[in-house]
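To keep things simple, chains are lettered A, B, C, D and E as they appear, and every chain counts its residues starting from 1.
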Amino acid sequence: MKKSIKKRSATVGLPPGEVVFVGQQKTDKVRITLFDYDEKKYQEKELKTVEECYPFKDKPSVTWINIDGLEDTQIIEQIDSHFEIHPLVLEDIVNTEQRPKLDDYEDYLFIVVKMLYSDDQSQDIRSEHVSLIVGQNYVISFQESSGGDIFNPIRDRIRNDKGRIRKMGADYLAYALIDTIVDNYFLALESLAEEIDLIETELMADADIATFRKIHALKRDMLFLHKAIWPLREVISGLLRTESQLIRKPTNIFLRDAYDHSIQVIDTVETFRDMLSGMLDVYMSVISNRMNEVMKFLTIISTIFIPLTFIAGIYGMNFKYMPELETHWGYFIILGIMLLCALAMYSFFKARKWI
Amino acid sequence: MKKSIKKRSATVGLPPGEVVFVGQQKTDKVRITLFDYDEKKYQEKELKTVEECYPFKDKPSVTWINIDGLEDTQIIEQIDSHFEIHPLVLEDIVNTEQRPKLDDYEDYLFIVVKMLYSDDQSQDIRSEHVSLIVGQNYVISFQESSGGDIFNPIRDRIRNDKGRIRKMGADYLAYALIDTIVDNYFLALESLAEEIDLIETELMADADIATFRKIHALKRDMLFLHKAIWPLREVISGLLRTESQLIRKPTNIFLRDAYDHSIQVIDTVETFRDMLSGMLDVYMSVISNRMNEVMKFLTIISTIFIPLTFIAGIYGMNFKYMPELETHWGYFIILGIMLLCALAMYSFFKARKWI
Amino acid sequence: MKKSIKKRSATVGLPPGEVVFVGQQKTDKVRITLFDYDEKKYQEKELKTVEECYPFKDKPSVTWINIDGLEDTQIIEQIDSHFEIHPLVLEDIVNTEQRPKLDDYEDYLFIVVKMLYSDDQSQDIRSEHVSLIVGQNYVISFQESSGGDIFNPIRDRIRNDKGRIRKMGADYLAYALIDTIVDNYFLALESLAEEIDLIETELMADADIATFRKIHALKRDMLFLHKAIWPLREVISGLLRTESQLIRKPTNIFLRDAYDHSIQVIDTVETFRDMLSGMLDVYMSVISNRMNEVMKFLTIISTIFIPLTFIAGIYGMNFKYMPELETHWGYFIILGIMLLCALAMYSFFKARKWI
Amino acid sequence: MKKSIKKRSATVGLPPGEVVFVGQQKTDKVRITLFDYDEKKYQEKELKTVEECYPFKDKPSVTWINIDGLEDTQIIEQIDSHFEIHPLVLEDIVNTEQRPKLDDYEDYLFIVVKMLYSDDQSQDIRSEHVSLIVGQNYVISFQESSGGDIFNPIRDRIRNDKGRIRKMGADYLAYALIDTIVDNYFLALESLAEEIDLIETELMADADIATFRKIHALKRDMLFLHKAIWPLREVISGLLRTESQLIRKPTNIFLRDAYDHSIQVIDTVETFRDMLSGMLDVYMSVISNRMNEVMKFLTIISTIFIPLTFIAGIYGMNFKYMPELETHWGYFIILGIMLLCALAMYSFFKARKWI
Amino acid sequence: MKKSIKKRSATVGLPPGEVVFVGQQKTDKVRITLFDYDEKKYQEKELKTVEECYPFKDKPSVTWINIDGLEDTQIIEQIDSHFEIHPLVLEDIVNTEQRPKLDDYEDYLFIVVKMLYSDDQSQDIRSEHVSLIVGQNYVISFQESSGGDIFNPIRDRIRNDKGRIRKMGADYLAYALIDTIVDNYFLALESLAEEIDLIETELMADADIATFRKIHALKRDMLFLHKAIWPLREVISGLLRTESQLIRKPTNIFLRDAYDHSIQVIDTVETFRDMLSGMLDVYMSVISNRMNEVMKFLTIISTIFIPLTFIAGIYGMNFKYMPELETHWGYFIILGIMLLCALAMYSFFKARKWI
């Protein structure tokens, strides 16, 4: 959190539209790939220089320019000035702390979303800042890194003309990218669900303060997921309700589907939050139940032995004249009385259901 | 939960409209039944092949095709391609994790709801994914299994021309199906109400950590019920407010009634949630009250005997010169003092209302 | 709760509009009374058969038919078929679990409300299902029983031409009935306020688990009151905003007043809920405060006497060579040391403000 | 609370518009004062009889009739019948339990607000029921008593032609009255803020159950303040948005200002509520922290002395053959061992940071 | 809090628009600076008298008058009367307790915001009242003091013609000022984030009541931040949606950006609040966990030694006839039994996982 605030504050006082990269460097080199396709043909290339993509701007075919890595702000500025993008957009592309949003600039839509993907090695969930510029016949996508290559299935669908992607326009491509991102949320949620399951098992067996810390950490994760997903829903709902000519009617049905998925993600996150709250209750109850058992045991031992010790104390006194001490069976009678006392206590506890 | 997420993630990366069955197989064989009726006559048959239902599409009479079992995605694709259904609809029919929703495709309405029915053998409440396609003069319903046959009363009403079902159109049939599903929620709620009553009795008698776990489990059930029922209400309210020509005005009055019922279900679930929260409070209070009693008992025993034991300890000391020890009545005087001490303590506790 | 769910489930699977009485029988015999009045004259009679009210339907004067008792569904069906009432209305009239609502059927309005009145004998608060059908020049009211006769003041106002009731139409009569019902909520709230006051006094004096149970029971009562009153507010607000010709403008001012009262009832219930929550806090605090006092007392007694008993224990040891034991003043010196110890402890507690 | 409900229930069953005074009598005599002014002249008099104000009704100058005391309902009825006020208005003027509201009767606006003022003698905050009838060129104000004379500054402004009051109409006078009432809320809040400050100091020093009761009492005060202020905001916002001709445009800017103030009052009350909730948390934490210290002290004393007492007990046994007892240095060695035990325990506690 | 209420109450009873400075005096002298610029030239001067700024009013170039210090209400009145500002605006400029708001006076917009900046010396966060009057070609800004000179970067941008500020109108200048204020919120949040981080570390190591007080203090800070920021968002959103001609379309895109930032601030504050609530939970859990450990230790020590002490007590009794005492190995056998007892207890605790 602190870090993200610090990054944000690096730009305080600068005029709006100043392009300052505030993220961590995640790639060695900025990588620009280009897809250009229509129903009949497609073309794929990796660009060395930015200038190579200029001729595609006015082609009627759909052009998808994907930029991996945001460090080289100059490349981004070059692309954007060629595509006549507003400087404020540049600022938000490189500001990895920008929350998801949809801005309508008439000639193009600017979309910011957060991509969640699970790192294959560390099993951790990583978040990545993704921006889309959706024009009449082009989509420019900016990623912090190659993002676990979650866009590869879409690339395959373009290459193999699978589904309807080649038959439709840039708006459908934008939808496909967003839908893939939303779909990947389910993978992240799956790994969280597994963690929740593990903690549930722990709660049944031997909950301790470590269990509590795990629940608390997950609750905080949910806080940040919540913060990423709610504005995403607004973005998709904004695309659904937009009056912009850039989103054509056939794409709308698909956006409705993506919207549906985003709601399912939100639903799941909310359910997880409620479940974690419930688990905190269970944890508290388990801990207090265990403590109560310990305390009850102390009570029983104490209350049984304290009076007995007192009786023993009495006959340990050194008074000259203590008639009981002189009797032959005195010792055994007192032992018997002690036993009766202990049994009485025990029955009392049983009757009160304290044991 | 985890399972449902996992299922959902199986389709990540596929193009939209890909038909993948993600549920558990619940039926041996897909079963297709067909009803065709108007005010004067009715026809009922069980179909061997999908093609048998094709001729009914353009008949003016109302046709109800019911498919039990979603495993055989090919059959579903066949039906849907004949009835010109959008591929996204297919995806949602077989995706048993899809939340309830209403989509208007102009030529037909697509409705997803969750059926709750109580299993006759295990007394458990089962949830089942039900999809309806409502066209001008046909309704196609998809169920995971025969679903406890909760639609049988409707079949009887068609057969016996009971009520107004034969006099009205496909929209009324759709209403009748949804209303039956909503009505069955009350049966599920009844069994939950019984469980709540049992726990209430437990709370009065001998609450322990098991009671807590039961309350907690019910609270979680409510979470999932809540998740199923709220979107259902939106579905019915969507049908009420739709501008689609498929829902005629006379059916609207009945939909208003079903909407009313769905609100009553929500009301009951919310009341149950509030009651369970209240019961958690009672549980906590009962447990802490019992613990307090145990602790108070310990206090009383300890504080009465600790000073007495100390007095006995004093006269157990082996000092050469302890004048009291030599007196004849010393022992009895000390016993008397101890008794007075105990009585003083006891009165003190009584005065403070600790006993 | 369970009971109300069970009743509801009795009608599952029946076609809509099936008239099944689900309440408890509260009257021996259904009683039908009729008032017919205009500015100049009025007529009052108790009907033996339903048919007697038929001629009043088309009279220009205002007709109020009141039916006490819902068991005899046939009578209700007769009246309704004569007045051309929709079958769904019949279903809701006899379904005593129906929540308050307002349905506009163009020729008439159908209103369901809950009447609360306090039973004169048992001091309990009773709830009763009341339905009103408001036509152009008639009002038909259905009650479970004679309902503590809370409508009697209105009858008197008609008989004695008091206020403006004789000068106005059926809509004003409907308003008067609803307003009387809302006014009776204040009587119910008054008895609850008394209970709350009693518990407050208990909280100051000697709160125990019984106090907690009383607070909890009242909280649950509030839950059900809340459920009855919120939809009532919507009913009145619906009447205010309705475009139906049946509610004339002069009546609107009075409905606004009734709406105001319903909001005051809701306000009071909400305030009661907040007060009860606050009282739970007080209860918890009082109980924990008392427990803390008990625990502190134990601590003081224990920590004072445990070291003393240890000292006594030392000089109770039977070592051959213990020089202190031989000295003449040893015993008294040790007693002095013990006293000093006790005083030191006591001052320590005082300093820490534990006493 | 109970009292206010009881008062309300006194009018149950009466026809609407029945004028029944339900408040406490606060004045000896109803006092009627009249101001009549325009830009050039002003006139002020105290009326003996109601009739004296009749001639002012149709004068073009602004007339302000102020009635202190609501007991004499006849006077109020007289005034209202002369000014052609709806009977429901009369009912609300004398019903001191009526919540703040704004009713538009076309020829006049009817406004109910609650005045809060601090009693100079008792330092208590008093609430008073104030009603305003705002016509084209007159304002009639009804107060329970002279209300701490909070309207005196306005009277002075009229007398001395200070500010713009003499230049503007009846709507501005109504605004001035409401604004004065809102301004007086700040005085009430100030005294509450002082109480909160006192409790904060207590929380730092020596919180006990009395502190808790004070916090709880303030929380309840906030509940009632909240109930008085929220509808007040709606009243002012209603005046801002009204389409009534009675509120002229120049006054609107001032009403916006009053609205702003009402929001600031609400903000402050909400902040107080949050602060009080936070203070409850602090109280709980302080109490539990102190309890924990007490318990830790008990633990340390007990765990140090219990084993030592046991050792002493062993050598207090009377066995014939106990070799240690015979050794010359046995006693001192055992004393040494005891000291070591105590030190070990002490270090253990230190290491665990329990001391 | 109390102070702010007291200040507010100083103006009770005054006619609206009365100019009373209620803040603390923060500057020695009111300082008036003036910028006048268009695309080609700019002019900067510090004014000695108010009259110097009069000629700039009707110049077509953009004029920015900045007043530091609000004590000298006469200067403010002079400026405002020359610029024909409504008296209510004056009242709000000097009322430092006024909450953020936007008022549209047709000829100019009046904006109140709160500036947060961190004091360089004390590291504290300071709040300052800032008002803007935005006319066709002028902006007048009022600050309590020079406010950490957070406007200096804007002055530099004007001087050096950096960004687009010189090319755009007064509305863009107003945006730039507001945006700078919002940006400075991030700096304040950064310092809060650091405090939160410190407390988190404390929670892991050694939480005590001081940690709790820090969390509680931060929670209260959040309360006041929340109160300052929410209305700020409304102000910017009001500027976005205003129909006023004063805000031109190109500026709108920038305002949307500022709105975005304000939402990010709110998001962060809300996240901080949730985090602090979570930290309170952790604190409670850590404290109770530590307490439980202490209690368990007491239990173990007590329950092991209490029975042993009892056994020792038995053989300390002075009965004449106690056969065990006479046996040669009796002492060692009893010691052995005691050891067995202790081991049994220890295993019991281990088995129950209490150790």
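The working rule: contacts are C-beta pairs under 8 Å (C-beta built on N, C-alpha and C of every residue); 3 or more make two chains touch, one makes a residue touch a chain.
Just so you know, these numbers come straight off a predicted model, no measurement behind them.
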item: Size of the rotation, in steps of 5 degrees, that lays the CA trace of chain A over chain C; value: 145
item: Centroid spacing, where centroids are CA-atom means, of chain C and chain D in whole angstrom; value: 26
item: Chain C and chain E: spacing of chain centres that average the CA atoms, whole Å; value: 43
item: Multi-partner residues of chain D (at least 2 other chains); value: 295, 298, 302, 306, 309, 313, 316-318, 322
item: Category of the chain touch graph - line, ring, star, complete, other; value: ring
item: Ring walk, chain A to chain B and onward; value: A, B, C, D, E
item: Chain E to chain D touching residues, read off their complex; value: 1-2, 5-6, 8-9, 11-18, 86, 88, 91, 97-99, 101, 103, 105, 206, 208-209, 212-213, 216, 219-220, 223-224, 227, 280, 284, 287, 291, 293-295, 297-298, 301-302, 305-306, 308-309, 312-313, 315-318, 322, 324-331, 334-335
item: Chain B - residues contacting chain C, complex; value: 150, 153, 157, 162-165, 176, 179-180, 183-184, 186-187, 189-190, 193-194, 196-197, 253-254, 256-257, 260, 263-264, 267-268, 271-272, 274-275, 278, 281-282, 285-286, 288-289, 292, 295-296, 298-299, 302-303, 306-307, 309-310, 313-314, 316-322, 352-354
